[in-house]
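By letter and in written order, the chains are A, B and C; residue numbering begins at 1 in each of them.
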Amino acid sequence: MDFLSDFLTLFLAKLQSPTLGFLIGGMVVAAVNSRLQIPDAIYKFIVFMLLIKVGLSGGIAIRNADLAKMLLPAVFAVVVGILIVFIGRYTLAKLPKVKTVDAIATAGLFGAVSGSTLAAALTILETEGIEYEAWAAALYPFMDIPALVTAIVLASIYTSKQRDTADEYLSKQEYSSKQAIIARGYPSKQHERVKIWPIVKESLQGSALSALLLGLALGLLTRPESVYESFFNPLFRGLLSILMLVMGMEATARISELRRVGQWYALYAFVAPLLHGFIAFGFGMIAHYTTGFSLGGVVILAVIAASSSDISGPPTLRAGIPSANPSAYIGASTAVGTPVALALGIPLYIGLAQALMGG
Amino acid sequence: MDFLSDFLTLFLAKLQSPTLGFLIGGMVVAAVNSRLQIPDAIYKFIVFMLLIKVGLSGGIAIRNADLAKMLLPAVFAVVVGILIVFIGRYTLAKLPKVKTVDAIATAGLFGAVSGSTLAAALTILETEGIEYEAWAAALYPFMDIPALVTAIVLASIYTSKQRDTADEYLSKQEYSSKQAIIARGYPSKQHERVKIWPIVKESLQGSALSALLLGLALGLLTRPESVYESFFNPLFRGLLSILMLVMGMEATARISELRRVGQWYALYAFVAPLLHGFIAFGFGMIAHYTTGFSLGGVVILAVIAASSSDISGPPTLRAGIPSANPSAYIGASTAVGTPVALALGIPLYIGLAQALMGG
Amino acid sequence: MDFLSDFLTLFLAKLQSPTLGFLIGGMVVAAVNSRLQIPDAIYKFIVFMLLIKVGLSGGIAIRNADLAKMLLPAVFAVVVGILIVFIGRYTLAKLPKVKTVDAIATAGLFGAVSGSTLAAALTILETEGIEYEAWAAALYPFMDIPALVTAIVLASIYTSKQRDTADEYLSKQEYSSKQAIIARGYPSKQHERVKIWPIVKESLQGSALSALLLGLALGLLTRPESVYESFFNPLFRGLLSILMLVMGMEATARISELRRVGQWYALYAFVAPLLHGFIAFGFGMIAHYTTGFSLGGVVILAVIAASSSDISGPPTLRAGIPSANPSAYIGASTAVGTPVALALGIPLYIGLAQALMGG
C-alpha cells in the first residue's frame, strides 16, 4: 500500500498549498456569512492579469522553441488537448444528473496542463537519467490553450442550443394553435448548423480568450520578457490565491449542487488522467518511430496530458464558462486528478518508457 | 536633555517616513481641493490586502512558535492586549469632549503592536547581550489581534447602544402621551444585555476582521509562505502608503474635530505607552518566577505592550470602526506614542531588567 | 546609408518593445471587436500609480542633486521644456487640419524626457571618455514636469476658449435680434484675460498633475526611497504596459482621424528632436561660458531636450488632456521621434561637443 500512502501524503500536502488553502478559506468565509468581498473591478482585473500571463508564458515558450523539430509532437499535443475535452463531453457529461457545462469545464481543466506536475516529471526524468529534448517542456501550451478554447467553445455551443430549444419550446406553445410547428422545424435545424462559427468567433472575442490569445500573440511576436519577468510572473501566484478565495466564496453556495453527482466526478478524476496519459503516450510513440522523438519526450507528452491545470485553467474557465460550477472542476482536479497524475501517472509512464528502452 | 534631543530627532525622522509622508501628502492634496481620488474598489482591495497580510504573518509566526513553552506569556499577551483597550475606554474616552469611538480606536491602536518598535528592541537586546527566547517575538500577534478585535467590538457595542438610546428617546416622545415609557423600560435593558454576542459575531463577520482572521487561519493551518513572501509581504508597504494617502485626504476634513481635544490625545499618547509597558512587565515577571520566562523575554513583552501600531492598526481600524476619526488615532500613535515607546520605553524596560539581573 | 540602417533597426526593435507591443496589441484587440476591457477603477488607479512614480523619481533626483551648482542649467531646462511646448503650439498646431489639442499633447510629449534615451547618451558619453557633472542627469525632471504642466495648461486654455467662442456664438444667435452683440464684446474679451490663472489652478488640481506634483513633493520633502524601490518602481513597467493596452484599444477608434494629417506629424517628429536639441545645446553653452558647466553636461541637456517621453508622458497626457488623440502623440514619439533622437541626435551633439573641445 505504498501507493496509497504516497497518494494520501500528496493529498494532504495539496490541501495545505496556497491555491487550495485560499479556496477552502473562501468557502469557510462564505459559510460563516462574512461580509468580506473582493470588488468586481478587482476580480475582473485579476482574471485579466492571470490570463495574459498564461498567454505570455505560452507565447514566449513557443517562440524560444525549435518549431521545425517539434512540429509533429506539437500537432499531437493540440490533437490530444482537443480530444480530452471531447472525451469528457461524451463520457462525464452523459452520466446521470451531471450538468453538461460543469462536465465540459472539468474536461477542459483536465485537458489543460499543470506546470507543477510537469516540473515534477522533469525532475524525476533527470534523476532517472532519461534523456529528452530541451524543447519538450514547451509542448505544454500546444495542449493547454487548445483544450481551454475547445471547452469554452463547446460550452457556448451547448448553452446556445439550450437557449434555442427553450425558444422553440416557447414558440411552440405560442404558435401551437396556429399549426406553426412543422413550418419552423427545418429552418431551426439549419440555423443550428450554420451557428457554430459565429459561436467560435464570439467565444474568441470574449474577455477570457481575448486576454489569453493577446498574451500568446505578444509572447510570440514581441519581446515582453522584461515586463513578464518583472510584473506578470511575480504577481501570478498571489493574484491566483485571491481568485481562489473568490471562487471558494462562490463554491459554498453551489456545493450542494454536486451532492448527487460527486461520485461521478471522483470516478472521472481518477480514470481520466491515466487514460489521457496513455492516449498521449500512444501519439508520442508514433512521433518516436517516425521522427525520432525521444522516449523521455514521449513521457513528457504523456504527463502533460495526464496533468490537470490548477493554474491556467480556473481563471480561464471561470471567465469563459461563467455558468459552470467551480466546485465541480476545481474539486475534481485538485483533490483527485492531480494526486493521481503525480503518484500514479508519472511512475507508470516512466516505467513504460524504461521497459521500451530496455527492449 | 539627551532624551529630548533623541525624542525630537526621532519625531522628525518619523515625519519623513513614507507612512506619515503619504498621510500628510493626502492632507495637503485635500486642503488644496485637488480632484485626485483613489477609486473605492481599489481602496477596499488595498484594505483587504493589508489585513490578510497582517493575519498571515501573525498566523505563520504562531505556527512556527513553540506553543507549549510560550503558553503563559501568550495568555498574558492576550490579557494585556484586551486590558489596554479597556483602559483607554475608561480613561481617554471619559475625558471632556473626547468622542468615544475615536478614543476606542486610539486605544486599539495602542494595544496593537508596531513591528519596527519591536525590531528596534530586539536589536538593542542583542547589543546589550541580554538573552531571550527565540519565540518571544512571536508573542506579538497574541497581543495585536485581540486588541484590534476588542476595540472593534467595543466600538460596535457603543455605537449600537447609542442607536438604541436614540431609538428609545424617539419612542419616548412618540409614546409619551400613551404612558408607554415604563412598560418599555425593562425589555430595553434586557435587550441591551443579550445583544453583546450578536454584536461580537457581527464584528467578526465584518470585512475587516474577516480578512484578518482569514489570514490568521491560513497562516496557521496551511503553508502560504510562498505566496506570502512573493506577493502579500512585498506589496505591503506600498499599499499601506496609498492607504495613508486616502486617510490623509479624509483627515483634512476631520482635523478640526480634534481642535478642542488635541491636548487629551497628546497626554494619553505620552502616558499610555509607558503605563502599558509596565503592566506587561509585571505580567512578564509572573511568568519569569513561575515558568522561567527569561528577563529578555519580559522586556520584549513590555515593548510589545508599549508600542502602538502604525502598520496593522490603521487599515483594521479604518475598516472596522469607520466612524472613528483617523486623525485622532494615527496622530496620537505616530506623532507621540511611537517616539515615546522608542526613546523612553525601551531604555526603561531594559534598564529595569538589567537592574533585576544584577540583583 | 549607415544611419538609415541604424534607424530602421531601432525602429523595428522599438516595435517589439513591451510598451509599443501592448499598444499595438490593444489596437488589434479593439479591431477584432473583442469584449476585453480593463475596469475603469483599475485604469484610474494605474494612471495614479504611474504619475506618482514619475513625480517621486523626479523629486528624489532633485533632492539628491547639488542644487546650488545646477541652478543655471536647471533654470535653462525649465525654460527649454516650456519653450518646446510653445514651439509645437505655434508650428504643428497651425498646420492644416491638425487638431490643436492633439498638437499640444504631442509637443508636451516631445518636451517631456525619455529615460532610456538619456541612459543611452550617458553610456556613450562614458565610452567616449567625455566628462560630465554627476548631477547632470538629474536635470531631467526640470524639463519633464514643466513641459507636461505647460501642455496641460495650454490645452485647458485652448479648450476653455473654444467653449467660450461656442457660447458666444450661441449667444449671438439667441440675442442677435436684440442687438446684444456689441454689448457682450468687451466683457467677453476681459473675461478671457482674467481666466488664465483659474485654468492653471484648475489644471494643477486635476487628478493627473495632482498625482505628479504630490509625488514630486513627497520625493523632495520626505524619504520615500523604501516604498519607491519596493513598490512604485518595480510595478511601473508592468502597469505602463497595461495602460498602453488601454490606449491602444482607444487608438483604433481614433486612428482614422489622423489619416489626413499623418504627414505633418511625421515631419514634426523628425525635425523637432533635432531642433529642440540644438536650442538646449545653445542654452547649455551659455552655462558653459558663464558658470563652467561641462561640455558633457551640455550634451546631456541637449539629449534631454531632443528625447520625447514614452514613459512619463503618455499617462500624464492621457489623464491631463483627455480629448487629445493618443495615436497622434504616441505614434509621433515612439515611431519617429525616439529613433531620430537616438540615431541622429546623440551622435550630432557628441560630435559637436568633441569639435568644441578640440578647438
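General observations
The working rule: contacts are C-beta pairs under 8 Å (C-beta built on N, C-alpha and C of every residue); 3 or more make two chains touch, one makes a residue touch a chain.
To keep track of the chains, here are their UniProt names: A, B, C = Sodium-dependent bicarbonate transport family permease.
Fair warning: this is a prediction, and the values are worked out from it, not measured in the lab.
If you sketch which chains touch which, every chain touches every other chain without exception.
The angle of the rotation carrying chain B onto chain C, fitted on C-alpha atoms and rounded to the nearest 5, is 120°.
Two copies of one sequence, chain A and chain C, touch each other mainly through non-matching residues, since under half of the numbers at the interface are common to both. One inter-chain figure worth recording: chain A and chain C are separated by 45 Å, centre to centre, where each centre is the mean of the chain's CA atoms. For chain B, residues that reach two or more other chains under the stated contact definition are 39-42, 235. Taken in their complex, chain C has these residues touching chain A: 15-18, 20-22, 25, 28-29, 32-42, 234-235, 237-239, 241, 245.
Of all the residues in chain C, the ones that touch chain B in their complex are 39-42, 44-45, 48, 204-207, 210-211, 214, 217-218, 221-224, 226-227, 230-232, 235.
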